[in-house]
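A, B, C, D, E, F, G and H label the chains in the order they appear, each numbered from 1.
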Amino acid sequence: MEAVIEEKIVYQRPEALSDIHTHYCPGCTHGVAHRLVAEVLDELGVRERAILVAPVGCSVFAYKYFNIDAAEAAHGRAPAMATGIKRVMPNHVVFTYQGDGDLAAIGMGEIMHTAIRGENITTIFINNAIYGMTGGQMAPTSLAGQRTKSSPGGRDVELTGFPVKMSEIIAGIQGASYVGRYSLHNVKEINRAKKAIRTAFKVQLEGLGFSMVELLSSCPTNWGMTPAQALEWVENMMVPYYPLGDFKVLPEVEQLMKR
Amino acid sequence: MEAVIEEKIVYQRPEALSDIHTHYCPGCTHGVAHRLVAEVLDELGVRERAILVAPVGCSVFAYKYFNIDAAEAAHGRAPAMATGIKRVMPNHVVFTYQGDGDLAAIGMGEIMHTAIRGENITTIFINNAIYGMTGGQMAPTSLAGQRTKSSPGGRDVELTGFPVKMSEIIAGIQGASYVGRYSLHNVKEINRAKKAIRTAFKVQLEGLGFSMVELLSSCPTNWGMTPAQALEWVENMMVPYYPLGDFKVLPEVEQLMKR
Amino acid sequence: MQEEIVFAGFGGQGVLFGGQLLAYTALAEGKYVTWIPSYGPEMRGGTANCTVIVSDEAIGSPVTKYPSVGIVFNNPSLDKYEELIKPGGLLIVNQSMVVRNPVRTDIEALVFPATALATELGDTKMTNSVLFGALLARRPIVSLEMAQQVLIEKLGQRKAHLHAINIAALERGYEIGMSVQA
Amino acid sequence: MQEEIVFAGFGGQGVLFGGQLLAYTALAEGKYVTWIPSYGPEMRGGTANCTVIVSDEAIGSPVTKYPSVGIVFNNPSLDKYEELIKPGGLLIVNQSMVVRNPVRTDIEALVFPATALATELGDTKMTNSVLFGALLARRPIVSLEMAQQVLIEKLGQRKAHLHAINIAALERGYEIGMSVQA
Amino acid sequence: MTAELMKGNVALAEAAIRAGVEAYFGYPITPQTELLEHMAKRMPELGRAFIQAESELAAINMVYGAACTGARTMTSSSSPGFSLMQEGLSYIACSQVPCVVVDVMRGGPGLGNIQPSQADYFQVTRSAGHGDYHPIVLAPASVQEAVDLIGEAFDLADEYRHVVLIVLDGLLGQMMEPAELPEMKPLRMERADWALTGAAGREKRIITSLELDAPALEAVNDNLQAKLAVIREKEQRWTELMIEDARLVVVGYGMAGRIAETAVKQARREGMKVGLLRPISLWPFPEEHLSMIADHSDAFLVVEMNAGQMVEDVRLAAGGQVPVKFYGRTGGVVPVPEEIYHEIAELYNKLNGG
Amino acid sequence: MTAELMKGNVALAEAAIRAGVEAYFGYPITPQTELLEHMAKRMPELGRAFIQAESELAAINMVYGAACTGARTMTSSSSPGFSLMQEGLSYIACSQVPCVVVDVMRGGPGLGNIQPSQADYFQVTRSAGHGDYHPIVLAPASVQEAVDLIGEAFDLADEYRHVVLIVLDGLLGQMMEPAELPEMKPLRMERADWALTGAAGREKRIITSLELDAPALEAVNDNLQAKLAVIREKEQRWTELMIEDARLVVVGYGMAGRIAETAVKQARREGMKVGLLRPISLWPFPEEHLSMIADHSDAFLVVEMNAGQMVEDVRLAAGGQVPVKFYGRTGGVVPVPEEIYHEIAELYNKLNGG
Amino acid sequence: MAVKGRIEIKEAKCKGCTLCVMACPQNVIEMVTEYVNAKGYYPAHLVDPDGKCTGCALCAVACPDVCITVYRQVPVKAAAV
Amino acid sequence: MAVKGRIEIKEAKCKGCTLCVMACPQNVIEMVTEYVNAKGYYPAHLVDPDGKCTGCALCAVACPDVCITVYRQVPVKAAAV
């Protein structure tokens, strides 16, 4: 009997992502991050009880792009808003999606305390070392010497300090159960990032407390690079300063990762 | 020739402390902390160029008690205010004095970013595991199970998370040059605390960046104890959870400590 | 009938609770009542006072400049309130904590060592009960019986061991109030 | 004399800079001028436009509903601005990026492939210079000479290698504007 | 049901619980803290959500979140803390999610003190945040009224999907007075058709205050303004005393109004034709009613615990028909009936050509 | 000196530098960000203090700190960011330290959008924070005026030890227009006698907004109110056009006023007796002048880029003497002269019994 | 026999970022240079005359705009006749 | 010979917290029980009939209210006559 060949779809848009054009710049890996989260929501079968809290930043319209219920928070306050939602809807899957200005600058207090409370939500943290939406000012995560619109001579660590490593900080907080930093600069790393995102959401589903995945992401527009150059910059400049991997894995989470 | 005996003053009020009655409750170690800071300012000879930024909390009137120029900040914002002062008066000795509600709750964003910038100021952080001024509500530093006016059944770590360890967190930030946690529960510890405070101010004088000393302190009133019981509680309950010692000593600071 | 009573002293002397006892008792007797504390940041040894208004009609202002009764627990409060009492009003002074006598003659003054009596009866903290008892003797705003009932209720089971001596304190104050020629 | 000129197209087509060139030139010639961009969050491929008003008198409103001149860099802008141009006004259309011709007959229309010409002259990004040149031919709001001078100045030393071709682009547009029977 | 002696703050908290509040988020600040403390005790007991937030900023944004799910949600604070909620309130108002906020005002500006004040009238009625909107603002003058109004506040919030503020001064927050509490309402189980509950078997829902396109945001504003116009028409509240034949009308809200009542009664006893108007809704302000009163009276005396704020609304409503005089105390000083009486007598005298 | 073509935001920054600003603290937000960016470049060049703060909250408190030393200090933001500064501003005002704040307003409420707006009029004039105070508020209508006013703002701030706001809509912030910049002033070296400079050879100094005692805080407020009364009397600013014989007076500030100017001129060309009043100081509002104009005219038309806010001040000033009509656009929609002209014509017609 | 695959790129959504081109191990994706799409971008398209695409989906994983659907030919049992 | 010392406690400032009593290794500080000071507290005072105070200043270090001044007798060279 001869084998019959059939064509199967091996990759298509996840259900949790709406089929609409995004406003992201060409090659901006916000889009990749969105897709990964959507895939994980679909795979875990939680799309219908997922609630997104979108930030203020380039990803402000994430609420349009995800095909799930969503709220748009004030700049930096997404974790507080998510806390409010989660406390009255404990069985829903609540997550924030935040940029580095949003999470690491103005929203520092809220993300810290959400982690301190061990709030049972998930945070997807996009670190692109710049303020994208406002046109390219320095972020707390901008690299030493990095030229931005508000550090035209390059980030001067004497005056502005060293770029902040949020994953390491959050990992140091007892209430954080899972914290990992991954990158979106190539397919291999994208796949690792997805695994981390899946773990983070599983942590929430198991009620284990706060989980966060930091994703190194590109901003070709404000870095003044082509998309391809931007990914190289992530790999060659960001990764050395922002090491990839898991920074906090509670024993219970380790169990979970094995499953 | 026979030795003549003369009486010398071996202890008296430091010049940097005003000779007025404080409003602190009997046995409250805010008073001890004040005195130590004042002694250090005197000993380093910087009283005349010291500027205090007082918090909102029981120590709000610190501006009255120190005999130096002082400003009173909004709740939690003392580090931002101190930053503003220091940037235009770089040769002055600028410090904040803050409680745990002020620094670790509402002021989390400001203290973190002041440390991140490596701002060349000093912070004296009074951890008394409670909100004193408002009458005894839970602080981020309240111990697990601690009964307060806002955790009447004892702090439930499931709902509120674990008490936050600020010294450990700040020590993890690159811009922090010196961070230590000491206690005021007996004379030996008080003396160690003073040494740490001296180091912290020296760090500032040398322009080495951000320095912070956390001091475990009592609040007999809101803990519902006698002053003596309260000091025992510091020793037996707080110290085990909040280990004492230096958490961050940059190599340059180590040099300084030897001098 | 409307009486405006000020309780005034140091924090820690039970000043606010004394006023609350009166307020609760008035409520229990179906009267209109308001209780207003002075409130401040948590500071021991600061001043504390409260104003209680008891009336047969709905109460407008719960504050007044010139109260009809002053109960002063210490010297600063004597200094502050003596001059404010309405002519014809009543001033009860805790002699244990003051260094002078009241001087006004157009008001009724009752001066006796309430703290000393309370200490004698077993607990310095009952100064407020003693003074409250004296008040009821001079101004029967509420009945002594109801006051006793409310006192026991408010102390609650946890402080059952204090019931008897507090009742005694209340009665001691009442006796003094009845006996002294004001 | 007052002209209100709208430059409209995609972000990235040099729309805003085109308007600024006009504004700087007008200033250099001592005219009153305002330049207003549409501004939005940083998004590539979104619409971008600016309004320049050049006048002999102080300018009141820097916005207008009905501009006297429209320079449209792409099709959506043609759709949006054609109907708004004042009767008797001028519409310059970048034929390279549109799929239709203007239809109004009560305005002057100049339609030519500016992007194609710019590409031909060495840089697609000079579309704005070509269109600006054409504008000056049809409406001598400022002189071509001054525009050339300002263009060189604004490109600056760092872009010295682009001076010649930009001047060429400006002139090419001017030629076309002069030659075409509108 | 019998009256209990309760602090205003505690009564507000318990009444909110009985009105079915599902989530409370707040931060300690005098003279409001007893409200939070009561919630800290009761809400966990009842299995409802309580968080002592890390700040007022966090608290209002937690409120924003919980309110997005259609749950009855509230917070409380006092002046400086309320200032920190401005951005969040503006977001909530634009998103049109219901919530209740209690502001127990204290002496300002700045850290000021913790004494009673009404100095945030402008802030609460005019601009609780940036942008064009007014929250509904209710000002009780007794513990009982506070209890009644907070129940109403939740209903109004739901009905209009709007921010409702209960404002009081520290005096009412700290005062004990008998009040009857309502019965405990069962928690509402169903969720509104705009609420975020997960996109199960329906289209997804979005709650946002962003609209990049100007005409679209203008439509959002038109919608909001239309709603406010309805509120303005339907929800003006006040109480009054001896207005009919009054030549002089004293206008005051909250405790200032209540204190003035004693002075007004005193003046009546002295034969002066004086009345009292106490606005209960500060926004919408009872403007028509005031304007009507202006038709029949000779002068207004506005009494506030501030340097003169509501007096502007009275002037606007009076429209120049009668002189509007102002008497205020600031910094946490509470005016006593005696001084208000003095003002009344002086002004009344002048009306009589004195 | 020759005029340069500059964006309003950039011109403000450079003019502030030339006026001797020693410290700038801010946070990016559209449509204000170019101001911060210009400072980021220039201030370090000049050895002056610049920090991109972690938030607007931090920025205003850094301003508070630097201002306490007597240094000329400023920040800038836009509506949501300005909301976050409310608490800080109230502290600064109560402490009476001088500072300058620029608010480039955008569409609201909430996140709204980044288009031009004037919807924070109430917030800036009535209650930039809790408590009784008004900042001085100046509203330019051209890049040149912005340049001139910011210099004045620093002087006023110093003179009165008060908060001075420069408010503009996003349009003026983003617009390029020729303007002449002033010469660079040398930095002021001496420090005021209240400034924190270290207690060397003198008594210590304290800057605080706390006063626990109510009568004492009332004294602080009296002092503040007395200062505001002086400002109210001395610092009203406006500009006007063809007012003398105007039957209809259009009132608008900032860009709305400037756009209205074109409509007013058009109406004059059509023979209508229409004039324009453009308030420059929004607080103190030019109330006497307006009231005087009300005496000689038949109607007011207020034009704003909001749902109607300044119109209340116009009504208060007009005191019921003339009808006051309102025309506004919201959500970032900028009214064009054509539509304002339409409103003028309609209203004027009615005046003529049409 | 090598696995056979095929991709579809939604041209209208493509922003021409080239990331799929870089991700493709078979080098069978190219950028269009002749025309731009409605958004003004030069889109990517599959140029695979030799049928080298394996349907590995790396391009799809790399694409930030989810433009790419990936198909792979898989052997299945023939249906019983 | 043991070092001789002496302390002065400013009664008016004392809040009666007892911390000095606890800190004193010589047990020569006691709380007054007969009267309260103007602030209403029972102050501490030195009760040192045997002159045991060494002037070690531990009490002063422990005192939160800086009420205590500490003196110690030290041998000095006699001035030349």
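Definition applied: a residue touches a chain if its C-beta (ideal position, glycine included) is under 8 Å from a C-beta of that chain, and two chains touch if they have at least 3 such contacts.
Since the model is a prediction, treat every value here as computed from it, not as a measurement.
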Could you work out how many touching-chain steps separate subunit F from subunit G at minimum?
2
Hop distance check: subunit C to subunit G, minimum number of steps through touching chains?
3
Winner on contact count, chain pair E-F
With chain centres taken as the means of their Cα atoms, state the distance from subunit C to subunit F in Å.
55
So, in whole Å, the Cα centroid of subunit B is separated from that of subunit G by 62
Please compute the C-alpha centroid of subunit G, do the same for subunit H, then give the distance between them in whole Å.
88
Distance from the mean Cα position of subunit E to that of subunit A, given in whole angstrom:
40
Quick one: which residues in subunit F touch 2 or more of the other chains?
30, 51, 54-55, 57, 80, 87, 91, 95, 110-111, 114, 208-210, 212, 334
Of all residues in subunit D, which are in touch with two or more distinct other chains?
40-41, 44-45
What residues in subunit G touch two or more of the other chains?
15, 39, 41
Quick one: in the complex, what on subunit B touches subunit E?
56, 60, 72, 74-76, 101, 105-106, 108, 131, 133-135, 137-138, 140, 149-153, 156, 159-160
Inside the complex, what are the residues of subunit C that reach subunit E?
20, 23-24, 27, 32-37, 39-41, 59-66
In the complex, go through subunit B and note every residue touching subunit A.
105-109, 112-113, 116-119, 140, 157, 159-162, 164, 168-169, 172-175
Over in the complex, which subunit E residues touch subunit F? Could you list them?
57, 79-80, 82-84, 86-87, 90-95, 105, 107-115, 117, 119-120, 122-123, 126-127, 129-133, 208-222, 224-225, 306-309, 312, 315-316, 319-321, 329-334
Which residues of subunit G touch subunit A once you look at their complex with the stated criterion?
4-6, 12-13, 15-19, 22-23, 39, 41, 55, 57-58, 60-66, 68-79
